[in-house]
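What follows is a pair of complexes built around chain A, which joins chain B in one and chain C in the other.
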Partner chain A sequence: MAEAAIGNTPWSMWYKIRIFINTHLVNIFAGGLFVLLAIFLVFPLVMVFLKSFWGDDGFTTTFYQEFFTYNYYYWSFLNTMILGLSTMFILVVVGFCFAYMTTRGPMWLRTPLKICALMPLCAPPYIFSISLITLFGRNGMINNFFGLDFNIYSWTGVIAAQALAFLPLSFMMIENVLNSQNPSLEESASDMGASEMQIIRSITIPLASPGILKAALLVFVMTIAEFGNPAILGGRIPFLAPDTYLMITGEGDFNMASVLSVVLMVPCLIIFVLHNYILKGKGYTTIVGKPTAVDPKEITPVIKTFLLAVITPVVIMVVLCFAVIFIGAFVKIVGVDNTFVWDHMLNMQSNEAIYNSVKLSLMAGLFGAIVGTLLAYVIMRGKFKGRHVMEMMALSGFALPGTVIGVGYIMAFNKPPFLLAGTIWILILNCAFRFLAVGVEAGISKLHQISIEIEEASADLGADFITVFIKVILPIMFSAFVAGFIYTFMTTMMSLSSVIFLVTPGFDLAAVYIYLTAQLGELGLASAATVKMIFIVLVCLASLKLLAKKTGLKSEKK
Partner chain B sequence: MSNKEKPMLELVDVSKSFGDVEVLKNISASVPKGELLTFVGPSGCGKTTLLRIIGGFTAISSGQVILDGEDIGALPPNMRDTKMVFQSYALFPHMNVRKNIGFGLKLQKMPKAKIDDRVDELLALVHMDGLGERTIERISGGQQQRVALARSLALEPKVLLLDEPLSNLDANLRVVMREEIRSIQERIGITTIFVTHDQYEAMSISDRILVLNDGIIQQIGTPTDIYETPKNKFIAEFVGYVNFLEGKIESFDQDSELYSVSTEHGNVSLNRTNNKDLAVADEIYLVIRPETVMIFSSDSEDLPNMLTGEIQDSMYAGNLVKYTIRCGDREILIDQYNPKDSIKFKRGDKIKFTVPKSVHALPKKG
Partner chain C sequence: MKCKVFSTGLIAVLLTLTTSITTVSAGDSISAYMGFSREVNEALAKQIQDKLGIEVKNITLSWGEIWARLQTESPRFNADMVLSFGASEAINGAKKGYYEKYQSPGWDGIDEAFKSKDGSYYALGTFSFLLLSNKDKLAEMGYDVPKSYQELLDPKWKGQIVIPSPRTSGTAYMINYSFLQLYGEKAGWEYLEKLDENVAFYTKSGNAPTELVGRGEYLLGIGADENVLKRIKDGYPLQWTVPVEGIGYEGNYCTILKGTKKLELAKKVMDYLGSEEISKFLGSMGYIPPRAGSVSALYGEVQPTFIKLDHAWAVKNKRTIVKQWKSKFLMKETAKAKKVGDEKEKKAAAKQ
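On to the complex of A and B.
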């Protein structure tokens, strides 16, 4: 008998290796990924942290003392918090108004409003700085037209740009909770005699509060981490993210840059933990049994007037901002000299920057998708301890301000053993690891949908682990892989805050190019590059949507 | 006395269309004070839509909804004196039991102490004393049902609307809650509309039943009317099992008040009491309920209305035996109760069975 024979003969080397691979491969992968995360995500942060305490003479707290003594530094922190809080308040109100309209308002208005609220997603956040300068700058269209002397390089400008840029974030989260509320609850309150205002106050808002809170926290984190808008419109007002950049490019002071980074990172990490581990699963399950389809009802006129009063100016601003970018790309100077020109679009330097960005994004996307998919698999199917730590590490890249990771990368990878500075690899790794979260989450949700029994059945039928992985797991996870790829590609295209630390002279990236031309007031060039970027991003979004439709993959955008 | 005659709720020619689809066609019905009327019908028949029209959640296309003499067709739900218990209960998850029940009272600006008293009273009514501080998540499905009921009753509505209130409960609890709802309803004498797709539930809880299908009222009547003298084949089949036997009325005997009906399996006589609208030469269906048929062995003596057949299948269910009888080219279902004291037949046994004279008949056309 064959079995007996095996029992007696010593196993061949190959057979032993196969057994080892079959039993341990997940853990081997896990170990490798752990090392990668440690080097490319944790190590730079540790460097930042150490550098904030490590001067020429070893450990010291002088840098922090300096931070809290000098007006300029701690005002930078306070301003950043004020910016975060005010944008947060504005966007909670605006996001709620939009979401209420698109979920309870008249049918014909829902889709156009939704498109409008989501439009800023397809452009980098700093596009609004460029538009606002075009409209309200010293030579801005609206300033000129109405003879105003409005200064856009101010608090108002920064907050407006931030609010427009992060509207989709707030809108999506609030719309999601409003949409998932059991419509019977509002009907039931109405049945009990409540007016629409009373329903909103006592039912709708309390039930949506977990989602509203999440929206507020996310908006806060994204706003304080945003580099472009405060850098371009901030003028003389100090903010942490742009100051970190200036500290390095202007003064070469890595210690103070690290202190500023730590100060910026701490609230972000606190909110990340709060958001992922404390608020997770919080919320009301409001759907019991099958709720009946609800007939849309009219919104009370008073409430409708209020909603429209909030929504209309925002809609006008969003549309206007996109319009001036598109017009600006094709005319000499918008509002001043409206002659049609191709110069901006055909500018060689801009096209080269776009080309470089595409190249970088492709590589970062591919790398990020591979790592993300493997991470998702290992996190879901591995049996080792520390899976949750790994998941947290993988997802944290999203919450960390780009400037902080940028500073960390320069310090971590400018000398052996990790000498990467000046190569394209430092950019690829930076983007791939920062934007891992979506690929990992898509992978995890995909694996949630399929039972582990599929893999066990394949193994039971005699398939090797590697065969199972290639023949079963990869095809199943392919849509998550593609989602991770496209998402990383798209965000890398637009990302400015981190790469600005890492680019070398002569290697322009589109985002950096747009930032620098906008700083110089070359709005036509900046607009043209932005239009090209928007086009590429729209293609990405369309393919993501197509993918979601074809595979039923939920695109978990944040 | 006139107050007694004036209905609490009246539907006059109520129609509703969603786009081109007409889901309710000229529904007219009136509900006297204190009655429990059930809307029953297969899913998609429009029963929930009709209930939502009464509650004010769905706008009416044409017709009138009259509550206690007042046309409320144009009023929004918060201005109607009808209260609804939703299928999903729609309890507010961010409020405890007490706050849920007191929600409507608070909106009416009732003083806090009075609200507390009223809520206590209602908690006692639905047997939930002492559970007022619980959150909604921490009470069972049956208790959630009670809270939803108490919340609707808190405002002492003129009409209580119940939308499939028992469909989320398991079978045993459903029976308990059904009896409880009925007993509370009778105790406080509230006019109630109850929607269900379950015909047994409808029969056991209702004063009267309104059978809906395809947006048309098929029949309104007491459970007995609906079960024993259904107006058409749809109703007969919708409530319980039924055998249809085709026949033709050959003659009518004045003295005995019996019709003589010929069927392909033999002649049957039929009482006139249940079938006043029939006339000689009418083509009819006999509506034979399985439990009304008596079964005999083939050697027993001939009785009136006796037909013959052969046992094709039998299923023992403890309290009864369900026989399937082959009778010519058709199958007839017979339920024989108390099988312990009767002969048990096997497959292939030749048998005789009697159709009662009281059997209901439906005209084949019309």
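On to the complex of A and C.
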């Protein structure tokens, strides 16, 4: 109160500043955030785009001509699309089955299934191709045991590995919407005599469509951008993401890499725009207040059989893959010489890489969550023009392949005025801005739920903007903050596609370390590093949850 | 508000992290892009640290990656040295003025073939490629180890051979031009085309065939000799052969990057790299070191048969050869793909 009294004295400078901030804070934030987005998200993409037209002798379209003349690129593009679409289709179905079981199925199955569906999140995506080779390779354990002649270096292998790797994404998105549906809708339909199939078709799926679409979009983008699995298992099948990577690392041809990046980006952006268009005005919130707990209804046997038929093989695969990694960490050479050793686990090089990864992920997570929450607020509550553009910019992170952003970052931040290459900041900013979308979206949906009247009411009662912001808005948005933080933290830990271009000597990252050791065939070291990484990630998540619980906040997992 | 406790906690973490990032580790250190295999890189870095007390912050990269980084980073490199990349990178980089010229006294008495005249780069040793095979699998199938490259064309090996791709691997390029120089350009390409029919696929890394053959995924492979010794010691049923025609070889070059802020330290390291100790060390890792009297642990006292190679030619023509390789083996995927592409090309031609 004393402070307010001083603040109210008209000659005080502080008062004037405070008034100014009060009226313009949203705009000030908006301006700042706009600049940040422009520099760290749009500028690198513009660089990629320019480079695809800018050869040694100025403007040229020869690189695009090259792309369109070779049938190799044509196939590479087509394969990438097929890979993206088929993985997307598989994962939407599988993700839905898992989510349906964990939200409607028998209680005792829910937690184990949930853990199983989220497990792959704790390991880098390409780890699956390594376990698949050990299991189903030409000399793999399962092939040898059953005398099969199954070829893992094929389409089946690549799609299986990608599907396993991105199962959690699809599951989380779909589970989230299935969870927030009001159970009484389904119940009343069932009371009126609708069969479960009818309910699923006409109530559950339509209501879940925003989540399903989001899952589809995310899976598509992640699948076509992640190059680890296709690079390891693709054999002779060309794909765009590994080609982009190889174009830079193998041939040092940045022009062609930029062309491939632009080509990779086009379908992502089309799907992104489509998805926004379809979803426009379709926020289905059927829960007002707390969801009412209902006893789970028994699922009809036919549907249950179908769900189990989809889920069981996936569960077996996930368990087998992780078992192989776990065993691989403790035996000499898994599948060749299965004697127990501690060597791999005791190897200290990987510890430093994991430590660096945790450090980077925490920083990127915090930075991303702060920027994301602020952005959501500014977009929802600001009254300036171009809000929509800003929203699109922030959410476009969903649709940008990591490889492209990685390429853009090396080209954009390697010379003044933004000389960041070689510092940890380039990594932090890269991860924070790439994974911004989840925090922003969570924030927006939070603010959708809360009427602006609460803020206005407190303002009417005499609170100034800063007080309102701190006392009302921040607590409301806190769960969005946590969601953004966890998502950025996890994805930064696992992501390889863009950081591999940016790591510097002496600052190894776990994901890169595991990829490189696996590529050299050091499966033991790679497995051990993965096991350690899984452990660290679980500890981090658990302590975060504990912290949130201790402080009385329900962290929403997204 | 309870969330304050939470956010205070997070901010505290953030602050500790920021400070831990900005504090520079005490002691001398240089950073290097390293292009040996990972364990050799680590061992070499440790050797330097133990001897000179200079910490070598390193990152393992393929030669292609190192070259891509040098190109983008020039003239502000994010490392002080490159420890091992290929002749093309060394020579082309010197042309572009990427390297510090330094006549290192540590390299006195080493054959001129291992040094550049102006001191831009030095060769730490040479490595080769080998014919690799899986003992167990061969015995199982009842096949003998092929003794010459011609035997690899036998249809019985169809889908059983793995070779690295010159697009991404320095080793693969060496394999590629070794054949071109062994048989002559025309016959060389013909040989590679015939061999292609037996090749299962082309790997990204020159070390990958060692692993794939070692694990018994494929029967035969042509790959770098770098990791072979270690794999055999580790217990893989792997064996290596030098075919009667001989094997190719290529230098592992090192250099100091221009503009380094730690020139004095880098020079010290460079001097040490020419020493007897390093020669012995790299020999023990299976390389053929430059100092006379140091022996490669892989090949022993007797030098293997080498194909006579003109490295200058290989460096000069790298772009064209890789392009040719791509159009022959990569761009033709399936007959159908070729057809579609041909039609497209025809259409494009018709339009013009």
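One rule holds in what follows: the second predicted complex is superposed on the first by the 376 of 558 C-alpha atoms of A that agree within 3 Å, B and C clash if a C-alpha of one lies under 4 Å from a C-alpha of the other, contacts with A are read in each partner's own complex, and residues count from 1 in each chain.
To be clear about the criterion, a residue touches a chain if its C-beta (ideal position, glycine included) is under 8 Å from a C-beta of that chain, and two chains touch if they have at least 3 such contacts.
Here the structure is a predicted model, which means the values were calculated and not measured.
On chain A, which partner touches more residues: chain B or chain C?
C
Return first, second, both or neither, reflecting whether A:Lys332 touches chain B, chain C, both chains, or no partner chain.
Only chain C; A:Lys332 stays clear of chain B.
Let me test your reading of the model: by the given contact rule, A:Pro206 touches which partner, first (chain B), second (chain C), both or neither?
It touches chain B, and chain C stays clear.
State whether A:Ala231 touches chain B only (first), chain C only (second), both chains, or neither.
Second partner only.
Kindly classify A:Asn182 by the partners it touches after superposition: chain B alone (first), chain C alone (second), both, or neither?
Touch partner of A:Asn182: chain B, not chain C.
For A:Met392, decide between first (touching chain B), second (touching chain C), both and neither.
Neither: A:Met392 stays clear of chain B and chain C.
One more residue to check, A:Leu362. First (chain B), second (chain C), both or neither?
second
Of the partners chain B and chain C, which touch A:Asp191 in the superposed model: first, second, both, neither?
So A:Asp191 only meets chain B here.
Give me the intersection of chain A's contacts with chain B and its contacts with chain C, in residue numbers.
Touching chain B and chain C on chain A: no residues.
Within the complex, which stretch of chain A touches chain B?
On the chain A side, the touching residues are 182, 184-185, 187-195, 198, 202-203, 206-207, 284-292, 294-295, 297.
For chain B, which residues are in contact with chain A within the complex?
48, 52, 55-59, 76-80, 82-84, 86-90, 92-94, 103-104, 107-108, 144, 151-152, 155, 163, 167-168
Please output the residues of chain A touching chain C within their complex, sorted ascending.
Residues 68-72, 74-75, 133, 137-139, 153, 231, 235-238, 242, 246, 248-252, 254, 332-333, 335-337, 349, 359, 362-363, 366, 410-411, 414-415, 419, 421-422, 424, 471, 474-475, 478, 503-508, 516-517, 519-522, 547-548, 550-553.
List the residues on chain C that touch chain A in their complex, please.
1-3, 5-6, 9-10, 13-14, 17-18, 20-21, 29, 31-33, 37-38, 42, 57-62, 64-65, 67-68, 71-73, 76, 78-79, 137, 165, 167-169, 200-202, 204-205, 207-208, 210-212, 214-218, 227, 231, 234-237, 322, 326, 330-331, 333, 337-338, 340-342, 344-345, 348
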